[in-house]
Amino acid sequence: MTLLLALVIGCLYAAGIFLILRRNMVKVIFGLILLAHAANLLIFTVGRLTKGIPAFVPEGAGMLSGEFADPLPQALILTAIVIGFGLQAFTIVLFKRTWLTLGTEDLDLMKTTDEPPRE
Amino acid sequence: MTIIEFSVNTAVVLIGLSILVIFVRLAIGPSIADRVVALDLLSANAIAFIAVYSIRNNSTTFLDVGIIVAILAFLGTVAFAFYLGKGKKP
Amino acid sequence: MTHLLYNILLAMAWVLLTGEATIPSFTAGMVIGYLLLWVSRPALGGEAYFRKIPLVVLFLLFFLKELIIANLKVAFDILTPKDYMEPGIVAFPLDARTDMEITLFANLVTLTPGTLSLDVSPDRKTLYVHALYVRNADAFRRELKEGLEKRLLDLLR
Amino acid sequence: MPLFYLLLTGFIVSAVLPFLSRRVKGYSGWVAVLLPLALLFRFLAFYPRIAAGEIIRESVLWVPSLGINLTFVLDGLSLAFALIITLVGAAVFLYAGAYMRHDKEMPRFFFSISLFMNSMLGLVLSDNMAAMFVFWELTGISSFLLIGFSHHDLQSRKSALQALLVTGGGGLALLAGLILLSGLSGTMELSELYPQHDRVVSSPLYPAIALLVMIGAFTKSAQFPFHFWLPNAMAAPTPVSAYLHSATMVKAGIYLLSRMNHVLGGTALWQDSLLVVGALTMVGTAILAFSQTDLKKLLAYSTLSVLGTLCMMIGIGSELAIKAFFVYLVAHSLYKGTLFLVAGTIDHAAGTREVGMLGGLGRMMPFTMATALLASLSMMGVIPLVGFIGKETLYASILELEDWGRYLVVAAVAANGLLVMITLLAGIRPFIGKLPQFPSTPHEAPIAMLAGPACLAVFGLLAGLFPDYFLGSLLDRFASVVLADTLTFRIKLWHGFNEVLLLSFVTFFCGMLFSVLRRKMLPHLKERHIMPFLKPSAWYDAALEALMRLARIQTRILQNGSLRNYVTVIVTTAVALGAAALAGTVSALPAFPAGDVTFYEVAIVSIILFSILLLITSSSRLKAVIALGVMGFSIGIIFILYGAPDLALTSFAIETLSVILFVLVLYRLPRFSTYSTTASRFRDVLIAGSVGVFMSVMVLLTASGELDSGLKRYFAEASLPEGKGRNIVNVILVDFRAIDTLGEITVLAVAAIGVFSMLKLVIKGYPKEERS
Amino acid sequence: MYSIILATASKYLLLLLQMFSVFLLFRGHNEPGGGFVGGLVAAAAYALYFIANGIGKAEKLLAVDPLHLISAGLLLAVSSTLPAFAAGRSFMTAIWFDTGISLFGKVGTPLVFDTGVYFLVLGIALKIIFSLAEEDRP
Amino acid sequence: MRETAGGILLLLGTVFILLSAVGIFRMPDLYTRMSATTKASTLGIGLVLAGTVLYWFDIAIAARAISIIVFLFLTAPVAAHIIGRAAYFDGVPLWKHTKIDELAEDLEKKREGEK
Amino acid sequence: MNQIVIIPILLPLASAVAMLLFSRSVTIQRIISLSSSCLLLAAAGWLLAAVISGGMLSLQAGGWAAPFGITLAADLLSAVMVAASALIGFATVIYSFAVIDPERERFFYHPLLQLLLMGINGAFLTGDVFNLYVWFEVMLISSFVLLVLGGTPVQLEGAIKYVTINLLSSSVFLAAAGILYGIAGTLNMADLARIAPRIEQKELLSVVSVLFMITFGVKAAVFPLFFWLPASYHTPPVPVSAIFAGLLTKVGVYALIRFFTTVFPHESIFINDVLLVASALTMLTGVLGAVAQYDVRKLLSFHIVSQIGYMIFGLALHSPLALAGALFYIVHNIIAKTNLFYISGIVERISGTWDLKRAGGVYARYPFISMLFLVPALGLAGIPPLSGFWAKFVIIRAGFEAGEYAVTGIALFVSLLTLFSMMKIWNEAFWKERPHQQEYEGINRYVSMGIAGKAMLLSPVVMLGLLTILFGIFFEPVFRIAESASLQLLDPLLYSTAVLGRKE
């Protein structure tokens, strides 16, 4: 499964970067979201996969022993997902606002901030 | 192999198959509503899968996720409908 | 409705008392609670709960039957290569009046395979139903009116 | 620590001076002059001790960790310069008070010029190289402010910037040289460097150090090919020209060379470079003066020539040469300061500085004429003025040279002849002959404008008459420092009829000849430059233009406004560097058992892959959103499969919320349009693909290793007893790593505020400027 | 696009989801759930209500500006760190009390913290959704 | 015995689920797909969950399973209705063999009445 | 005592919360903002003093021993950075009172500023890699919102680029942190420093460090990762630009220094070579960008990039002197750069334009303001005895000592171009008479400000200007601190021991 997930992660990264390289603003958002997914899945995978046994102390037991999924990467991903959501929400609205204000979603038409210096 | 083992294994395969089939509908559409319906059905499959998987893995923790999936899938569907219906009719 | 609440509370009390949080224990608690409530009904008042519980059970059985029959019918259609469907959208005049009645009825219609509540007219007098097997629109209407709607309204009113 | 306090007082007074001078309005010159005068007398008080061979040195700790301290040393060299600085300073300050009487910005002027004077003093007094550099730069900045004093004038601003850039660039070279030198010797103190001379010159870094120091000196002292900034600096008010650009600041480079002579000198590289550059400057700039018609420009070119001469004499480096150097330096400061101030007076009186339009002023301004005459005679090297001694000694030192060096005498005579010509034009011609029509009515200068130059001129006469009394002992100490030897000279006005005197006559004759020639040739000269290769100012302009063009081109290429290009660069850099770090160390990818993969895992993974494909290819936004939803849910399922229910819960919840968000945001947006070309898509696929492959490889490599995390075990053990919770992930979130969560919810709060304010707040701003 | 069916359903689902969200919050320390998911489910309840009944009714239902929920959530989270100071312990050290209620189990500052998260998440989700919805209102 | 019954319910449920999947794939238009299949899946999940309850036979599991079932039965029809309705007014076409569309007729009448 | 480490994080958060509670009243928000900034300045000073006198402080949040919980740690570097951020925060709050429009104030300008400071301080103080990510995000989202607050077209356009590229780099950060955990099994920096030498997957460690270099390089605006900066920093209101210019990029530089001294001390050869080349190109391209510009804010923005190059150069040289120089350079640059943005804002108020070709006449009317400009401008150009001179001096010396003559030469050349572009501003905006005088009738928004407004506008400028002068004149004690900070950095064991409380 690690192999498969590595494939998935690679594809997510590739697709994310590909979309970020588009001229269409909305595609860029999708690209960023894919990258977030990719990073989360990456942390999950490199934190080692453990099938099935979640990190819960069983009722009645004092501690969890044996084989179980590493809870730390999960906690990290949780934080990252939530943060990612905040950023994503902001970004989506930013892009919409930009579209409404500038009247285009073509990023190549947004060059006024980088206007080359005049002679 | 006991009956329960057999049925769990078969169930997993059947759910997997139906997920693939539904995905085809999701991919081909043709309308947005078709895709939304497919998505809704996918999440239903997910709930079923979670239930079966809890037996398979001998762990009940996942059932809670099922409830959330049910709630959220509904909400998602309603949201899509909201989109489709926006400004269309009374 | 308060009676149902009492019943559940009694059942939970039973579970706590016995210290056995299992399904049989809860069921036993429900049954015992029902009996207790029935016994003390003069003190509590409100006959409806005891009249309706059997009705509810009957309705559920009726609905389950409809559900399974319709499901099989549709399943057959899905699995055989030929399509037997004659779909259509039928306007169904509603006797249900309150929001709750309309919603419940519409949802039950939708829950039955082969039918789908599409829209309620703005005057709330008509429910438009999409159905797979509409040989005859009027027959369809009659069947629904005398079957599902009547039973439901009986239960609710 | 008298020297330190002297300087400190000076700087404090400069800071106060503008306010003071605003107070006393018309008398600000008289007030301001107190500062240089006081300093002058203080330095004169040191004179006997220095003359007696004492060297005063003192040190205030500044940055001892770096070996940088305010170490000041007063020896013959620094005292000579300090006296020139304060003496000419006194004359200039007094003069400026009257000269600029009507200028609103006079307080600022006094601030800048006194700042300059103090910096100049600090420069010549410093023994610590870093401290010296500090003052060196300060002279540059104050000079910048002074050159650009008439800041409304474009030419002034340009000239100021030019001077700053040229001398600033040289300053940086000097800094580099000094740092290298201190690195080599382990000290910042010049006095501690003297004993290390042999080690320094034999170091492989020596040529670099010597060149860097020389570049610093050449730029500051306007040696060829950096001379061009000085004539342009004449845009400054006349007192500034008199002070900075003849008597003091331009001598800073010369000072540096003489100060460093003992540390870096004695090698062929050092001596020959100074000699050649000095000689070139001496002759070349004198020739350039030929076509000048502006009083100040003429004087400026003559200054350049003298600076070249001085540099050349350090290059010669003999005892006689240093003696000549000293006398020439003193003489020049005295007469050139005077002549510049006189030029200002003339400008003031007649309203023009064009030599062709000047004449007959002597009758109106007799005292000025007398002053000018004295200074002119000194400049022409006429007996009995100090300029005569300077020139004589110069010739003598050249005649001492062997081999081809002797032919320098021709160059020296020619240059001095040109100086004579310039003097006739600038110092004498305006006062004699007919009185033409002037823009304003000429009148004698007020006492304040007369006193200073007169003093300087008279002193030039006295020093010529009694050279040994006024200059003798200082010369000894001066030369001793420069040559690091104990030397005693005799200096006399009259050496009898000899070869050198003959050369003086020849010089004078040449001067006359040049004057005649110039009058004949001037109309033709105006049209084109003499020897265009001697016009490095054109090089400067070209370099500046090239720099600006380069800057514009690179900015246009790099900062091209296209987000895609920015991302492309970043991503490519990341992958390239990452691959470089990985390269060579990885021979084969680790093998993972394929057997543990189940059917439903394959199903989930293929769903994810297909939805990625769907997302990329989708032509409608909503379709893309749905594909995204499917993908998110599938990833959630993977979380479930591998024991992360909380993760699954959260990701389902987030996915749904995102869907709602998209739905609310997107429904008014237009259709998804594709803008990019096939070629760019192909390129992007390559880039994106390489990222994907790279990340996949990273995942596989990482997951293939052993991971023994003590944290995992610790959490499992501590979660319930210490964290009071069975859901370890949640305990981590709200307890073990609660700060992460605190930050996380802050992010959410800000995001919500951001969304809200972005939707609700639209400021129109100042439309005219906002988009520029 | 108003549907009586959805509107009616949203009313009873509102209650159900809110209850479930509180349940998730309190149980999160021992079972899957927690303040974050709890808050999102509560937000889902209001979101559903908004979609079914329109933004005006949803805002009236909520009665407070979601911004105040955000502030309150942050305030709770921040104040949960203070008892540790008072107790002279290291920053953010948990302080626990025993309660007899089985659903709550032990009550401590982490639970207060998680409650802060709950309110904050509810607040931000609603703030975002309401802001976007209000923008569409003519 | 209890477990076996659970297994059978499980199997039955998944069969229904697969049926609904085939249905959504095979049916000719959106409305037929929805009315034919969405609810089959509701029943399917119901059966699967019932099987799960039987398997575990624990009140906590039962409570969760029943919550899911109740919730599904509460929401699934609403979801189907709302999406079908939105699709209809969005102009998603009916199957060409659809016999009758009284909603369209009524809307037409109303529009004429307004004129 | 250790508890003070949390104050620079908690205080801004608490004040932001208080301000959100009083979201209706701008006045109350201003009072809270000001007092919180004062307190923060005091706390940061206290922290710095404590670290100078008592050595490194570390706080185990939640009482969980490292590496299990999250460690907050203040060594000299962190304490100095926090002090700088508190200072800039304080100055910017005051400056904002004078210039920020009431609408922006009503839309949470003040709380956002505090939260930005919280994120920045958190990033400086944390001793945990993932926690650093969290603080980066707090900082980023606050900066996003501040950047677009007001929603003018240029703001939005700049924000699109800023946001996209920063999110991209965040994703790289996340991946790097994940992989790091995957190979080292810990996220605590001190623990990592201890474990890193024993890690078997060396090549992965160096790839991880490359990834970190990329992500921090983007934040720090290092060549060729800086494009987002000149595309966006000139778009928001002046105080926002100023605090961005002063602090944000420096957080990236801080992280680079922290990682490549404390966390990956053994990973330096390849990284240092890359950093060296990058630093040279950063200096050069940045300053050339500045030279080309005629918009003051764009010009200053490009300068940020250029000066980051010097800091990176110091890091790449990796000697005690070089690091001390880099640290001092950071502090000096934070102060001077922020100040320049402030003054550019004042100049814009006076002349009504950002365009140098249309501006002018400030020197004639406002000599004092002109002098206020000269201090940071010359400071930035490295003119002695201002602080920038020492920054330049130390770095150059370190460069020569390391034998990196070429890059050092570039650094010198770049400082000349810096001087050139600063004096270009001076010539055009200050010395030159304003062209088309009549066009600008009544556009001077400075002259119409009240005395209180002017005081609030000028006092931060004077304060920071004085610091630029004082740091230059009294360089020795400052350098001592920088030197000991750099020695601390070069001895990771110190850090490990202080955090983990045991020797290895």
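Quick notes on this structure:
Letters A, B, C, D, E, F and G mark the chains in the order given here, with residues in each chain numbered from 1 onward.
Here is the rule we go by: a contact is a pair of C-beta atoms (placed from the backbone, for glycine too) under 8 Å apart; a residue touches a chain by one contact, two chains touch by 3 or more.
Please read these numbers as outputs of a predicted model, since none were measured by experiment.
The chains that touch subunit E as well as subunit F are B, C. Among the pairs D-E and E-G, the greater number of C-beta contacts is found at D-E.
Chain centres here are C-alpha means, and the one lying farthest from subunit F is D. A comparison of C-alpha centroids places G closest to the centre of the full protein.
Relative to subunit A, the chain whose mean Cα position lies farthest away is D. Averaging Cα coordinates per chain places subunit B and subunit D 71 Å apart.
One finds 33 Å separating the Cα centroids of subunit C and subunit E. Averaged Cα coordinates give subunit B a centre that lies 49 Å from the centre of subunit G. Within subunit C, residues 106-107, 117, 119 each touch two or more of the remaining chains.
Touching two or more other chains at once are residues 1, 3, 5-6, 9, 30-33, 36-37, 41, 44, 47, 67, 70, 74, 78, 81, 92, 94, 124, 128, 132 of subunit E. Shown for subunit A are the residues in touch with two or more other chains, namely 16, 20, 28, 38, 40, 42, 46-48, 51-54, 56, 72, 76, 78-79, 82-83, 86-87, 89-90, 93-94, 97, 101, 107, 110, 112-114, 117. Checking each pair of chains for touch leaves A-B, A-D, A-E, A-G, B-D, B-E, B-F, C-E, C-F, D-E, D-G, E-F, E-G.
For subunit E in complex with subunit A, the touching residues are 30-31, 36, 124, 128, 132. Residues 1-2, 6, 17, 20, 31-33, 37, 41, 44, 47-48, 51-52 of subunit E are the ones touching subunit B in the complex.
Taken in their complex, subunit C has these residues touching subunit F: 15, 21-23, 25-26, 67-68, 71, 74-75, 77-79, 83, 85-91, 106-119, 121, 126, 128, 130-132, 134, 137. Residues 3-4, 6-8, 10-11, 13-15, 17-18, 20-22, 24-25, 30, 33-34, 37-38, 41-42, 44-45, 48-49, 51-52, 55-56, 58, 60-61, 64-65, 67-68, 71-72, 75-76, 78-79, 82-87, 89-90, 92 of subunit F touch subunit B in their complex. Partner subunit F is touched in their complex by these residues of subunit E: 1, 3, 5-6, 9, 12-13, 16.
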